[in-house]
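Look at the two complexes coming up: chain A is in both, with chain B in one and chain C in the other.
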Partner chain A sequence: MPIEAVAMLFAWMLVIVFLALIACMFEDLESDTGSQSNPNSQVQLAAQVGQVHRFFNKAISGEAPAYAMYCTTAGVIAYVLLLKEIHPILAIPIGAAVGEVFHVIFATTAHIGRTAGSKRFEQPLYLDVLYGHLLPIATHGFMAVLCIVSIAYIQSNLGTLSGYLPVDGVTPLDHPFALPMLAFIWGITVGAIGSSTGDIHYGTEREFQDRPFGEGKRVVYHGKITRYADCGIRTQKDIVGFCAKYGGPCTGMTFGTIILFENWRTLVGMMLGRFLPAATGFSDIAAMLGIVIGLVIGIALIFGNVAFVKWARKRYGPFVGE
Partner chain B sequence: MDPITILLVVVVCVIVGGVFASLGVHLLPVGGAPAAMGTATGIATGTIMLMLGAAVTGLFTASTVATFSKNILLVALSGAVGSWIMMGVTMLMANIIYAFGAGVVPVSGRVEVDPITKEPQTPYKTPQCDGHGVPNVSYISGMVGAFIGGFGGAFMYFALLNYAKFEPTMAAIAAIGIFVANAILAAYNIGGTIEGFHDPKFKRLPKALFSCFFVSLFCGVFVGMVAFIGGLI
Partner chain C sequence: MGEEEEKKPKAEFKFPPDETGLGIISAVIAVIIVILPGLPAVLKAVGVIFALLWGADSVRKTSKYGLGTGVPSIGVLGMGYGIVGALLGIAFVKFMGPKLGTFSSVAALGGVLLMGVLGYISGVFSNHEKIIAMKIPKLERGMMELGMAGTLAMLLEFSIVAGSLNFADVVDKAINTGLIALMFVLSMMAMFHPYNACLGPDERRPRTLMSSVEISGLLCLILGIVLVATATSLWSGVSLIIFSAIVWIVFYVKFVKACMRESDSVVGTGLIKTIE
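After this line comes the complex of A and B, so read on.
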């Protein structure tokens, strides 16, 4: 197998990294648009403490299981279409669109159900809020699901796309998992990361923007979310525009960096262990080198965090105020 | 290997994987919803989602490595390292968003001095908050937890793939299923938020390990039976 195939492997890896970055950014922004994440506890609480609001409210489950479902649905549809020999350019977007149909149905029923549950606290159901947010939810979600299914497609056909030929009916370096399973895996991961990192910018900053900057949000503030925008009354559309400037891209970078490190260390281990470019037989050395590179990356991350925390403590100093 | 030996090996591997999953979950710095408002220390998501996200990232790499290595330790370690990288990057980026997006310093709410770096915590904490961000002790605890959890998940996957002779996708689904069962038990034991090994809730660990042992034993026997019936091969 020529060395060009190895170059193609690394090129596809970078395509996957780029798609991962886009996917997780849009996943986080979608969760901000629909308020489907941990900060939604405050949206739910707001009505109960007398703060009637115009926020969208669709927290029916955690982001990870929700995106696992949307991505797996999309992956299954795309997989079936691919088996029917429909071109991936058509099959993947059709799969993502079907996933988003489910998403919008869940968003509608969740928002109406949650708001109806707040009736005793006199929280109205604003129909313009409902109608106005469904399309942004669907479009942001579509981008996330489309990128995840594309990643799953590339990974399940990585060897074929890089120019490897089948050996005994199996193409080397094609991932052993079926496309829907890969979509499920990355759906869970993208949801977990979007929930872990992206929520912070929405929950700690944008949701309580009329509170002092530079402190954790105290328990007495809980439920008293910022209900007024720069102009008029705040909805999720004001929030997503704000989070798109920092929280969303940071979240995208998190997933992109994880995918980059994971694929890069495996491929470099394979190269140094002389498993590539032939990609046949077994190589424990390749596995070992991949593990060692991963451990070095992890140790570097630990030192990076120690240095960052030290810098932040020195830069911001101890808490001042009451 | 004769069928009884295979059954025993599968059961032992599933028990090891399940108990490691439970131990890993207890070491993660999980802040849940309060962490999303900077009201509690840890990662701003649920226990199971965080552990599962890390474990399946590791499982992806472990399954790739399982195509060119038949060494169970190497495959499991590949999964462990995958989880540890996922958790490391996630916690670091969370701290970056806390610091630059909300102006918050990572600080523990459960200890006055960081047990590892010896940095004082209380002066940096916002009143009426149970800490915020991911301080160094929680970061290192989370990395260790992800490593152990990822190891357990990949260990189970390898056993189901090569000893129980499941098809790769089915082995992954079964491994994830058993992993989730153990992670949920651990999450019940934690009951919301935990900062890591220095958190007083960590002392509840033996109860979870005991429960997870029996759940994994049941799962292992069931998986072994399925392998002998042959319906999933």
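After this line comes the complex of A and C, so read on.
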């Protein structure tokens, strides 16, 4: 029994990793649909320098607090439904749907509020832009929030799902935090990773694509990327299609890799420290082994990155800005 | 009762009091509701709405000089003060409660005052030439009000969910269930989202504040759903849901209409203006 439980534990960890990958990929694509974090400065600036555009200005906040909000709302609703003994397969999607209703409400107020706030720059409020972007925002966001709430559900019941039996009324390895709190923490994380790793489109793929290694651009040209696409007027629907190829999956892979290494090292450390099959008597050795494995992984990644960047510079030319 | 309470802010939005007036009105209403934890959840929701309105006004006041991406941070800071202050407040209630008897909730105001002082000190530190020297006008007052408004809002939300300001009840019903995360995140949204969403040279104060009331309505709606699911009396949750749904619908429609009326033009579709 204990060995099967450990195998199940690793299996659930891989499920969490996969869900994290999907969540962060859709999170990044959603932030491209609504132009939330980094690109938002361009969208906001464009009208002010006279570049009237047809972009959706979803200025809710940074991605991290915004995703914390949708995921926590979804988590609370799912938690309440689970308390009423509704099956998780229904409770989690209903929660995510409510989270997305909140998302759409906030997106609407942000877009029309900012448009009304920049009246003197003659930026009209295009109703087709407003209505046309709400559904893509809601659907992409739904996928991200659904995956995050699922992760929170799995984590808060991890021991039970892996087949551990309760000891003194507490199942070992079930997370001590309640589902909404886990959804909050995971929401902040997914937003932060999506914000820092994402925005590939604005950072390197489009705005600076004529410059080697993304040199800075003069302020006069700011906001220009919001106006015309390769064919016709640009909207964010083009950008999502563009980013779905590399930017989104790349962001998802980053988040998935972080979760994979993090959980893997913890579980392996617990196994080497003799904590895992029995799940009783957690020792400092188990924690220390996990930390040592984490340090080894970190150092290996640093060396790998340095080698990769060196190879890329040799292959694609020097960094002109230096 | 719901409708009656809801007319009051509406009238104020047409002729909103100035910043000081709104602060005093909101503080008085919120403080009265905090020290009477036996009131129905609907009245506590009114207190939450006023406290968050005050917070949103303070965020606006603090960030008006031209803070762009920092607006959300100010709101998060305000609710950070709020969480610390509210936990201190319920701890004060626990220790001072036996001495004060039936008015034990008055002790929670100690947390509010402490956060006001702490906010003022951090404002002074941020503006002082020898320390951080940010030199933001009115920062001291803004930070002080943020701390007090955040703490009042958080205390009222605890009081809605737990039914009282009893330390054990609050820990059991608001913190162990993870609801504190929801309160934190939606209250900070109610504080910073209005000014962040309306940011721009043509921002108008009544319009911005409408958005705050709308988000507070959403927050109370979720708290009402939680109350229905967990509390013993169904009526308090249902009345809270009805009241907050009405508040949300009224202010959302008003906000959307105001924005559409005040934007440059509202067009179904159209091409962008060409630039030579």
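One rule holds in what follows: the second predicted complex is superposed on the first by the 296 of 322 C-alpha atoms of A that agree within 3 Å, B and C clash if a C-alpha of one lies under 4 Å from a C-alpha of the other, contacts with A are read in each partner's own complex, and residues count from 1 in each chain.
Following the convention adopted for this analysis, a residue touches a chain if its C-beta (ideal position, glycine included) is under 8 Å from a C-beta of that chain, and two chains touch if they have at least 3 such contacts.
Treat the numbers as computed from the prediction; the structure is a model and nothing was measured.
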item	value
Partner chain in contact with A:50 - chain B first, chain C second, else both or neither	second
Touching partner for A:316 - first (chain B), second (chain C), both, neither	first
Partner chain(s) touched by A:235 [first = chain B, second = chain C, both, neither]	neither
A:76 touches, of chain B and chain C: first, second, both or neither?	second
Chain B versus chain C as contact partner of A:181, first or second or both or neither	both
Partner chain in contact with A:157 - chain B first, chain C second, else both or neither	neither
Touched partner set for A:108, first chain B, second chain C, both or neither	second
Partner chain(s) touched by A:35 [first = chain B, second = chain C, both, neither]	neither
Of chain B and chain C, the chain that contacts the larger number of chain A residues	B
First (chain B), second (chain C), both or neither touched by A:65	both
Contact residues of chain A, present in both the chain B and the chain C interface	41, 62, 65, 177-178, 181-182
Complex contacts: residues of chain C adjacent to chain A	68-69, 72, 75-76, 176-182, 184-186, 188-189, 192-194, 196-203, 207-208, 211, 214-215, 218, 222, 225-226, 229-230, 252, 255-256, 258-260, 262-273, 275
Residues on chain A engaged by chain C in the complex (per definition of touch)	41, 44, 50-54, 59-62, 65, 68-69, 72-73, 75-77, 79-80, 83-84, 102, 105-106, 108-110, 112-128, 177-184, 227, 233
Touch list for chain B against partner chain A, complex	32-33, 35-39, 43-46, 49-50, 52-54, 56-57, 59-61, 63-71, 74-75, 77-78, 81-82, 84-86, 88-106, 117, 119, 123-129, 131-132, 134-136, 139-140, 143, 168-169, 172-173
Residues of chain A defined as touching chain B within the complex	37-39, 41-42, 62-65, 175-178, 181-182, 185, 188-189, 191-193, 195-205, 207-208, 213-222, 246-247, 250-251, 253-254, 257-258, 261-262, 265-266, 270, 275, 279, 281-284, 286-288, 290-291, 294-295, 297-298, 301-302, 304-306, 308-310, 312-313, 316, 318-319, 322
